Amino acid sequence: TDLEVTHWWTSGGEAAAVAEFAKAFEATGNKWIDGAIAGGGSTARPVMVSRITGGSPMGATQFNTGRQAEELVEAGLMRDFTDLAEKEHWKDVIRPASLLEGCTVDGKVYCVPVNIHSWQWLWLSNKAFEDAGVPVPTNWDEFVAAGPALEKAGKIPLAIGGQSWQTTGTFNVLIPAIAGKDVFLKVYQDHDAEVAAGPEIAKVFKAADDARRMSAKSNVQDWNQATNLVITGQAGGQIMGDWAQGEFQVAGQVAGEDYTCLPGLGVNELISTGGDSFYFPKLDDPDKTAAQEVLASTMLSPATQVSFNLKKGSVPVRGDVDVSAANDCMKKGLEILAKGDIIPDTNQLNTEDTNNQLNDLFVEFFKTPALTPEEAQKRYAAIIASAD
Amino acid sequence: MADVQTLNTVAVGIDPVADRLSGPQGARPKRVLSRRNIFLYGTLIFVAAYYLVPLYVMIVTSLKGMPEIRLGNIFSPPVEITFEPWVKAWATACTGLNCDGLSRGFWNSVRITVPSVIFSIAVASVNGYALANWRFKGANTFFTILIVGAFIPYQVMIYPIVILLREIGLYGTLWGLVIVHSIFGMPILTLLFRNYFTSVPEELFKAARVDGAGFWAIYFKIMLPMALPIFVVAIILQITGIWNDFLFGVIYTKPDTYPMTVQLNNIVNSVQGVKEYNVNMAATILTGLVPLLVYFVSGKLFVRGIAAGAVKG
Amino acid sequence: MTSVSIRDLSLKFGALEVLKSLSIDIEDGEFLVLLGPSGCGKSTLLNCIAGLLDISGGQIFIKGRNVTWEEPKDRGIGMVFQSYALYPQMTVKGNLSFGLKTARVPRDEIARKVARTAEVLQIEPLLDRKPSQLSGGQRQRVAIGRALVRDVDVFLFDEPLSNLDAKLRAELRVEIKRLHQKLRNTMIYVTHDQIEALTLADRIAVMRSGAIQQLDTPHEIYNRPVNLYVAGFMGSPGMNFISGEIDGGDSPAFRFAGQSIDLSTYPASAPIKSGPGIFGIRPEHIVSGDAASVEPYQATVEIDVVEPMGADTLVWAMLDGSEFRFRVDGQTGMRVGDHVRIGFDPARASVFDTATELRL
Amino acid sequence: MSSSSGTATRRPSQMFRNLNAKIASIPMILTALCVFLGGTVWTIVYSFTNSKLLPRLKFVGLDQYERLWSAPRWLTSIENLFVYGILSLIFSLVIGFLLAAMLDQKIRFEGVFRTIFLYPFALSFVVTGLTWQWILNPDFGVQHLVRSAGWESFTFNPLYDQQIVIYGILIAALWQGTGLIMCLMLAGLRGIDEDIWKAARVDGIPMWKTYLFIVIPMMRPVFITTLVIIASGIVRLYDLVVAQTSGGPGGASEVPAKYVYDYMFLAQNLGQGFAASTMMLLSVAIIVVPWAYLEFGGRKRG
Amino acid sequence: MTSVSIRDLSLKFGALEVLKSLSIDIEDGEFLVLLGPSGCGKSTLLNCIAGLLDISGGQIFIKGRNVTWEEPKDRGIGMVFQSYALYPQMTVKGNLSFGLKTARVPRDEIARKVARTAEVLQIEPLLDRKPSQLSGGQRQRVAIGRALVRDVDVFLFDEPLSNLDAKLRAELRVEIKRLHQKLRNTMIYVTHDQIEALTLADRIAVMRSGAIQQLDTPHEIYNRPVNLYVAGFMGSPGMNFISGEIDGGDSPAFRFAGQSIDLSTYPASAPIKSGPGIFGIRPEHIVSGDAASVEPYQATVEIDVVEPMGADTLVWAMLDGSEFRFRVDGQTGMRVGDHVRIGFDPARASVFDTATELRL
């Protein structure tokens, strides 16, 4: 049966990973109709929502793990996979448990998490530091200290793309690294505006100010163009999620040799557990309904999980798969994950609305030197106060 | 016939004109390099260059290989001409898992554009005709709403139209998209046609009524054959608009009927390491080829049609 | 039997009342000319009769049938427009047969009718041309043909000649006249050219801002205009007017600037009363030179402007403060500044009451 | 008067007069009422709710508007639209008119020039944005070219400078749009009576004065049509910004239409998006409705 | 001294030769009318004189100065256009003063000149109106004023009256004539209305496809047209033409359809030769009824069409196979089908050679 799957995975590593899904699904005798829409969630999501609400839904669709599809589920447009989840014991195999919780509404499972993405990585170009004549830093403070040397060598110390989610991501990574996990949770889970306005976060803004200075010269838009600056040694480093690793891999670089990864910026080694999930709109065609089930099952099968996540650069959602093929960085991540040093992803904690307001703030902050950290913090606290 | 020379058209006797042969005579000498010409053509050529630079850059880039592009100067002509990017853009560039480039979208675009252009123009021309010649009570109010509608950002209307199409059961079909294009083309097209038909002498319309022709007979037999120039304008505007549309194409269709622009968006927006500028440019040109061709072929008719329709008001 | 009857017709464009409770009866086979200045509502009236405008009040009857609310095509009319309104993309044949085709007349009958019409109008060689390939006069004939071919009772012409040059206009005028003599249909003809009106009409309706001033034969209208407006409008060069006093007594007279014109031979329609009045005399009724000596009224004037117009010459002169035109032969030797003797017969004049502007 | 007296037929119902015309206008009526009017009302109603991903009727009063007007991004967007709008209007009209005036000088190769000026209009905003993004890129575009020619300190990177980014967008927008304006103006110029030109020449009025004081005032209808086209384009400005800068750098090139789009679809806060679009509609309506009514409603034929 | 002299002027539009080596001398203060059918090159000639068209060959002198290559504004001309070409958004005052302002004439002098011009043309009350608020006749006066205000030597008029209705035309014609009598400027006036030409002109140049056929006084042109073309073009209703044979002998005569017209009193410009010829006689030179009995030539004809035209009536009749018009009084009692006696004096006729079309 033909099943149309929409997603916004179109970059090199992403496309290769999707191909793994498609291969596995087609091995079951079905056909994967690829509905890739480039341009990220902002381009793709209205298409998906329109089509689901317009009554012409696709077979399955990607959303970020979190609250993005909440209302579609509540409106009864999404298919309930509780039976399958029980049959295949998803509760037991998926870890951390928070992932499946994100898919659960009123005790029923509505989506299939397929990977874990963590944001808390600083990717460093060994070559850039070599050129600048400084050792590769091992934590954020050393990195900041190495900034002037990099600049002198004609490098951009920190690469940040122009897209707004990248700057917000950078800031959100700085919170647990500088102020710790508790502050992070207070701010984003409890939406505690007092903490957001407090001295801990002020320190984070200080760090963000450093980051802003160091990234002033990075004139790129897309995240992977920024990553490419690191890969080619034009930039010292980049704060970006583990998906960046896919780009290093496609470029044939080896972790530890060509590049260095510092989880939690080398300060607080913890990772967030965001990721992508697939949702399955309700369909009338029984054949397709059956195929949806097959697809869900395939996506979670151990073999697919491994092959997919290796390509994607993310961590499998199953704890029971063999990840010996994983590289240096991914292994670091797995270790942290195993230790349980995890925090939820902001997508799970905040609504898209709040995230978007944060985006607006940080994109402005990072490109507007005139906006002082203090002023920005005030606005930040206001957004946290109004979040729900 | 009279021999003109014998007629006394000039005064007899002393020639009143003294410097008969010495002064200026015949055509005023025209200097090719007069100051006016230098200024005029100079400016025009300069401006034309400005308009051509992007096209030049697009073409030049699309003919270069990636290594050459990395060298930097986008204005330098290709050292080694390669058609690889074109082939890739047309046939092998990947969108997600589909690696057949723009070729797939081309026919989808044609399938979308042709009925949309025909339908939207048919509707708008009949509307314009009804507004110009059969004014009935309230018609102008609707028309005013329509004109104001031209100012509404498309994005705002996405959800209402989704709901509308869902309710009439056309969501996700080709006809749904055709209707969407007709709706958004309607304000400007109706304005054009209304203005044009208003400029057709009213007596012609009256004569046809006396001859017993009704609403449709007058439209098809009298008005339509006379409206060629404005139809050309409408067709050009609609082909351009619909062919270049991305938003509606992606929202109101399905992957197997995505128009070319969706593929273009995917090729351009899915960055794989370095941006493959040459492929992007080739894809861009390929996508714009149809409307460009339409313009090159019918530019003259376009101006004439605009003169006939858009300008009176 | 009347062919067209109009009862209390009124029409408003918004607040503007263009036709004001207008009534006319037109006889079968009559040639009625609607004459009036630009904007007086001639075209509007014609459009009402044709059913091309929705009227505001009143009724219209054609051949005794109330057609007030009928469609144009059901009224049995044919119309010829000022700009001809030929369908530009059709051949002459197409133009002629369009109405018949629309009415689903059988093919061979269409062919027969078109052929007959083309013969009447002598446009057979043009049948396959497009309007753009025709001269003005030919177009005009095709436009008439289009009305003719439909075998209608009433023809409506809206200034069919006003786009043509003088020469062609004169020729086609005669053709229309001949056509009417041949066909004897009822014709209603709008013009603001009085020569056309006088030449063609059985009766003329002189209009002024939506109302009919006088409806009568050309001869009556020319010689006995009912009021000052009609008198001034008809005739080119226009009638000469002199303001003065009417003396009503036993030997009625018109007095101005010390002069007196004897009105005892004037064919007054009512006993002449004293009071301010206007004396009107047409330029062609004034004779000059030796011929003047036999006329009842005579005067000497100084010539102001001489306008040779080929066959005739128009002379402008001052008569005791009033400007004054009279017509003399084209071969005249009169010069500006000459003093000449003129004369006329007051019986051919028109006298108006200054207040009511009505003819006495 | 004869047999025709009496029997006054009644005026038929107005409803069925021009029935065919009314039937034929149904698409227009439906579009006007259901889509434009209905959609607008729908949008306004939902702007008072806190709809998130899906439209829901949970009214929250003016909350969305309060938030809208306290959002720095919205204020930037408005400001940008204002600057861009005014400049785009002025430059489109001026450039369009100047080009048209030059093409109207009975020059040779008029067709070639016209086609050159018009062709960008055939391209989509996405293409335009992409190309110009590239040409204006400081690393390999114009700045790079000039610098490599020897002028090292030359700086021209509008898309990466918050202060002038809106001009970078303007350059591309003008490149794309002036061709059509030129065409409209050219058509308008061709409609001016030859004799006016001759009269001005006999009067000894210089060319520029003739244009300025005589011809331009005569082209009112053309300018109105042009104005509608330019203005509606300005209000709807979206694709070009996305393709060129995505609103950057640092949100300096945000525009209202993008605000609407982002809040509706990216932030999944329909209420906020609707509130923003209501504000846009309101401002358009304030300007356009009275004008459109005067232009199309009040006057009669012609 | 001549005011305007044109020598061997020729002008081509591409391959089309619109003016063919044309020469004219126009006297100072003369009123010259260029008359000819549509498309014969009248406007083109005027535009050449004004400097609005680049000529292909020849020279133009104004006031003895060679202005062939000069700018329009430096030629000392004023021009009035058919469509008036008033600047629509300026007031009347603005229209009049714009040219002066551009020429940096001092303010008070502009005011003086405008006031004087407005007075001459009697448009003082209109000075603050816009052209759209003026009637046709008023517009025309403003257009003349715009030329007048510039104190030029030569006025060029391009069919300034052709957009007006007959009545207004007649009035304005007289005004232009008066203006010329007052100002005594050189005026070159284009028209295709011969009444205008005859009324206004000191001399008329009759043009035909880019060449001048005859340049002479209205009287000469009307009475002694040099060729068939001019004879047919001048006069309305047009001259009657009869084809036949010229008998050149001692008692010259014109023979057709068995009839013979005695040409012994005909004022031939050269000895009359035998051969095919055309006899032309104007309708107004034919008398009918009793008056006919004294004329040298007489005949009886049957009336075909009667066209009352107010002051006169035009009668169409057949004379041995040739159609034939003559003019009678407006009060005539002639009816279609009547047989009447007509007569004329061959001395007032024109006879043409069929081959060369030249007048004998």
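Things to note:
A, B, C, D and E are the chain letters, set down in written order, and residue numbers restart from 1 in every chain.
Operating definition for what follows: contacts are C-beta pairs under 8 Å (C-beta built on N, C-alpha and C of every residue); 3 or more make two chains touch, one makes a residue touch a chain.
Bear in mind that the values here come from a model prediction, so they are computed numbers and not experimental data.
The chains that touch both chain A and chain E are B, D. In terms of C-beta pairs in contact, the better-connected of the chain pairs B-D and B-C is B-D.
Centre-to-centre separation of chain A and chain B, using mean CA positions: 43 Å. Mean C-alpha positions place chain D and chain E at a centre distance of 55 Å. If each chain is reduced to the centroid of its CA atoms, chain C and chain D end up 54 Å from each other.
Counting partners per residue, chain D has 17, 139, 261, 264 as the residues that reach two or more other chains. For chain B, the set of residues touching two or more other chains reads 158-159, 265, 268.
Taken residue by residue, chain C touches two or more other chains at no position, since every residue touches fewer.
Within the complex, the chain E residues that touch chain B are 1-2, 5, 7, 22-25, 27, 54-59, 61, 64, 66, 68-69, 205, 211-216, 226-227, 229, 356-358.
Taken together, the chain C residues at the contact with chain B in this complex read 47, 50-52, 71-73, 77-79, 81-89, 98-99, 102-103, 146-147, 150, 158. On the side of chain C, the complex with chain E involves touching residues 37-38, 165-167, 170, 173-174, 177-178, 181, 192-195, 198-199, 218-219, 222, 233-238, 282-284, 305, 307-312, 314, 316, 327, 330, 336.
By the touch criterion given at the top, residues 201, 203-204, 206-213, 217, 221-222, 225-226 of chain B touch chain C in their complex.
Note for the complex: chain B touches chain E at residues 1-2, 4, 7-11, 16-20, 23-30.
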